[in-house]
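In the two complexes below, chain A is the common chain; its partner is chain B in one and chain C in the other.
Take a look at the complex of A and B:
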């Protein structure tokens, strides 16, 4: 009796629709903690600053790339080129940015601008984002091969310094990076006027238009934000692998979509779930660790990921049917 | 305040308000002498249709101005022009001194739309902020927007239960409409408020609250333009009412001196009534024929009734657009448990671009898609049979370009012929028509009306929803729908514009 009364009161105070939006990310967070606990039970040495840094540092770039995909999906688009884009950025960082920093910075800025122009193309010519970004992915691949035909190069010294950075209070460095990147993305998409425009573009472009907003400018800014996050993902990936390789992470393209879905995002746009996406990306990243600890082939990982995403989507559908 | 109170006396009694208004105001209040909204001979065309054909009207500050009219009268187009969403082809619009809209429309003009202007995935306060950004401080806008939203909702609808942080898609339709109305009123420079069917989904007390607020806005010298199908509400809240028909203003009335009946008549206007073909209606109303469909419905007073169609009958679903006609078709098409419907159905959609044509296929493939299963043999297509069928229909309907033309290369009328032929080429015995002849030229329409009649004579049942009242005279019987309920049934020669219009506005007794 008492507990239902409390639940009723709690429900009454909660804004309508909030639970439906927060719950998926929250469930993913629980899954993440459970995987972490299982890993920790099997290999207690991960409970240290070094251990956590070791298992989390490969996930940083994935988490930031997932933020990029999340922004893309919040406006109702999907990015099929983020994997090669991040790869291309590593080649720029490992060569141009190290040797001629000014040229490197210009090249990175140019990449962001290219993304913004891609957004203009999608809006003005009504090219589906899938096609536009898939086409662009071959451009990124070609550019990356042009900059660095074979994997190589070397991360700039300041990036090496970051890779060996040990924050105080034995907090793992990757955690700091991921949380900062997520907090920034959350702030832009949820707390700023720009974020409101992004989400209204994904939810109902007519509403945005009637309020006097420009669809082209909004989409260009959103794509620019995606490009910026992609550049950040590329920089952190360079720190992780120590050099540049355009073919480093083509799998990010679909893994990032999976992370956003796990975090509570939707293909139809309008939802920006930065924290949920972080939980999704970390969960998917930790799966690799878990499979390794279980001495299962990491080749199984894509299949396991696939089953999880399908399971989550199906489960969410069932829950929505029941609550409506 | 005082001078304006003085002129409202004669204003309500006199028929020719415009004159009285200008005269009286010129004596008392020089600032308001000019009408706030001046529309002069505005013409607006969309492709072949002339949506507005020379509209002239004035709206003054401090009045509630009603606009009524039936389907296609041009109300929505006029509102789009007034809110600055659409430009005009000729004529002029002047609102508060501005002659052309800026990027955000005319300054001071705000419109509450019937639907579609809220972003469903956003919260209430985010929607308010999106649309009223100019009047909400950028710093700490979450709190500011929430307070603005809550304050305005409380002001207009005192017993609402909406929290600013609620997500719009979790609100009921009535709540969404309240948010939409509040959204439109949150503007510091508000001078003209346009309300498009604001009460269609509101409950009784919310309707009263809204109109109390409208009166309050009027007394603070705002102009309110109210578009509604609910004539009773229009007459109770408006000062003046204009009746629109075929893209023009046909008459202006003082709300105090007209009745609902007068407005019906003005909306019906002078229509040439063609006699429907007598032969089919005689044969088809013969109730000895087997019943092919039955849809349980309610009358406007709540009594149970049903839509019945006999084999070989053409049944019309008429009334104001969006009053449940498409829901009836949908129930039939989905074969809801409560409807009785014949075995094979075919459906002709109204929106060819969205749900009609298969754009990259040619005419022949577009035409045979529905008939395909019955033409095949063990799942294998029989191309010769298909071609014979295509040739027959292309010849019969004179589809220009022939069977191998690309469907997108055809004119709208010819595309529509293909879509109609697709349904009739199948072996379906009941054909559902969902307002299929919108934007189709007259010649094509006449050919297709003939086709419908001849197919009905062959024993097919046609259920036809049309937003164009004059089309309904080709039906044997027509049901007029109002708010998802049946307002009346018309037979044969009784199916006229006037009868449909007057039934369209029937409201439940006692409401």
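Take a look at the complex of A and C:
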């Protein structure tokens, strides 16, 4: 009897929190699979290692940048500078890291450190993260232009080797990168003490403080993690475009936010949804592929993307109402 | 834990102080004073102020409220105004069409926010994508130029003060008075401070949100129409206005968390940004250097002006503060965003 009571309790309690966290990402996953199936129906050649690699490789950097945004949003902040940050990293990778690896690594480490300092500014002066990262985005843009005034440079050789890497079992290489990056982010944010501190900073900073955690250190570590993921996104983007361009992906700033929201994240923080974010980023990336396959005028593509984002979120609202 | 000093200094002080410092620096570098710098700044600033005022209203309506579609709506407004003005031969109709375009775009945002319950940043992002698609389609083979009369007015500066700046200044004062002295203004700010409390007190959430977002859309489109009349319409005309509008609003002292709108500060922030661009051009800094310095200055202003009293009370942020005011350190009440 007792065990059934506990079971009853579990059945009642567990799904609610879990459903709220997982359901949005799951719905996005369904949307992603549907888009993939439609693409596959229209162009069967994408069902091959090369085909999948081709359509997925532009999404890798977006997925990792979305992970960065997800960590940022899990502490209740928003990063409006990630687009230019990733662009700046590509310029460093395509020039400094290729020519003088030691200097390049130092520059990349400096970028991560700069992010951590930004976190300290946000925390110590209670500055809104939105505006602090916005101010920083000017710095990233300027720095990127200093390094490479015009798009150019060349990816280091090892990065080219990665770009042409063909994993065994005809698994597409971009998929491997994305899944590994997501698994790492998931592990850090949901399975380590650090992740718990990140999330409690987002949901209940007072509790974090009373449990002996330092708000400044936690926020600096979180921002450092964001910077690290941003660096990874920049490196994979360099492999994709073969060079550096600070203006390569200014759109990431808002697309990553959309990816996190599609994946079930919240602006108020406290929720880390690595796998959902991956689904969100891939969905947004695949949309471009779908619209190209539909041979839609490239001018109309943004509008369709906008309507689909609204549509997916409207669908989620309906499903959430039904499950309630 | 509120310091008295925080109340004594008006929130827009910092932005004007920065603007004046940059102006003095400009004079020192160029080695001559004169009205020319000021006239130029006041010619360009009003467009940014118009967009900023809309953004300020949206941000004041509570945490999470932001309009990221202003840049694309700005460009769209410019293209629509010039196209309609060219076809009908009347710039008034052109501006009217731009206002209509702004209303239409803002309606998409507000419907998505209120009825689909999409967070504002994503809803306005979707709107911005839609607006950019319309702009790109319109711009294909676009021809047409602004009405000379309107163009003449926008660059008319009797006694070194552009007439258009005076118009926008009067509009700013009107916005300021609306916020301060009308019921709706108080309701909107109350809504921004504590959404639930305001709703219990009878403030209509729907009405407040609709008004702020529609106003923001209309102002962005109108500013774009005027800016396009001043120079030339372009799909990328508004691109700088997104980041700049958010930055000048916050530098001006408006709280990102909502509930405190500072229309005067928008002017300060806009003048600061525009004078700074002028100064850096004067020194001959590259675009790269300009951006780095602009970024560091924004961060420096944040560092100096950060920690606004309301923000500090709501978010227990720095350790010392929280330790001192443990009983004050309520967990931040976050409304649905």
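The rule is short, and it goes like this: the second predicted complex is superposed on the first by the 287 of 324 C-alpha atoms of A that agree within 3 Å, B and C clash if a C-alpha of one lies under 4 Å from a C-alpha of the other, contacts with A are read in each partner's own complex, and residues count from 1 in each chain.
The rule is simple: contacts are C-beta pairs under 8 Å (C-beta built on N, C-alpha and C of every residue); 3 or more make two chains touch, one makes a residue touch a chain.
Quick caveat: nothing in here was measured; it's all calculated off a predicted structure.
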Partner chain(s) touched by A:141 [first = chain B, second = chain C, both, neither]: second
Partner chain(s) touched by A:187 [first = chain B, second = chain C, both, neither]: neither
Contact breadth on chain A, by residue count: chain C or chain B: C
Contacts of A:206 with chain B and chain C, given as first, second, both or neither: both
Touched partner set for A:258, first chain B, second chain C, both or neither: second
Chain B versus chain C as contact partner of A:123, first or second or both or neither: second
Chain B versus chain C as contact partner of A:307, first or second or both or neither: second
Touched partner set for A:271, first chain B, second chain C, both or neither: first
First (chain B), second (chain C), both or neither touched by A:18: first
Set of chain A residues, in rising order, touched by both chain B and chain C: 204, 206-207
Residues of chain A that touch chain C when the two form their complex: 76, 78, 80, 118, 121, 123-128, 130-132, 134-146, 149, 204-207, 209, 214-216, 254, 257-258, 261, 266-268, 297, 299-307, 309-310, 313-314, 317
Residue numbers on chain A that touch chain B, as the complex places them: 15-18, 20-21, 191, 193, 196-197, 199-200, 202-204, 206-208, 210-213, 269-271
Residues of chain C defined as touching chain A within the complex: 64, 66, 68, 112, 116-119, 121-123, 125-130, 132-134, 136-137, 140, 243, 246-247, 250, 256-257, 286-296, 298-299, 302-303, 306-308, 311-312, 315-319, 322, 329-332, 334, 337
Chain A partner contacts - residues on chain B that touch it in the complex: 85, 103-105, 113, 116-123, 126-127, 129-131, 133, 138, 141-142, 163, 165-167, 169-171
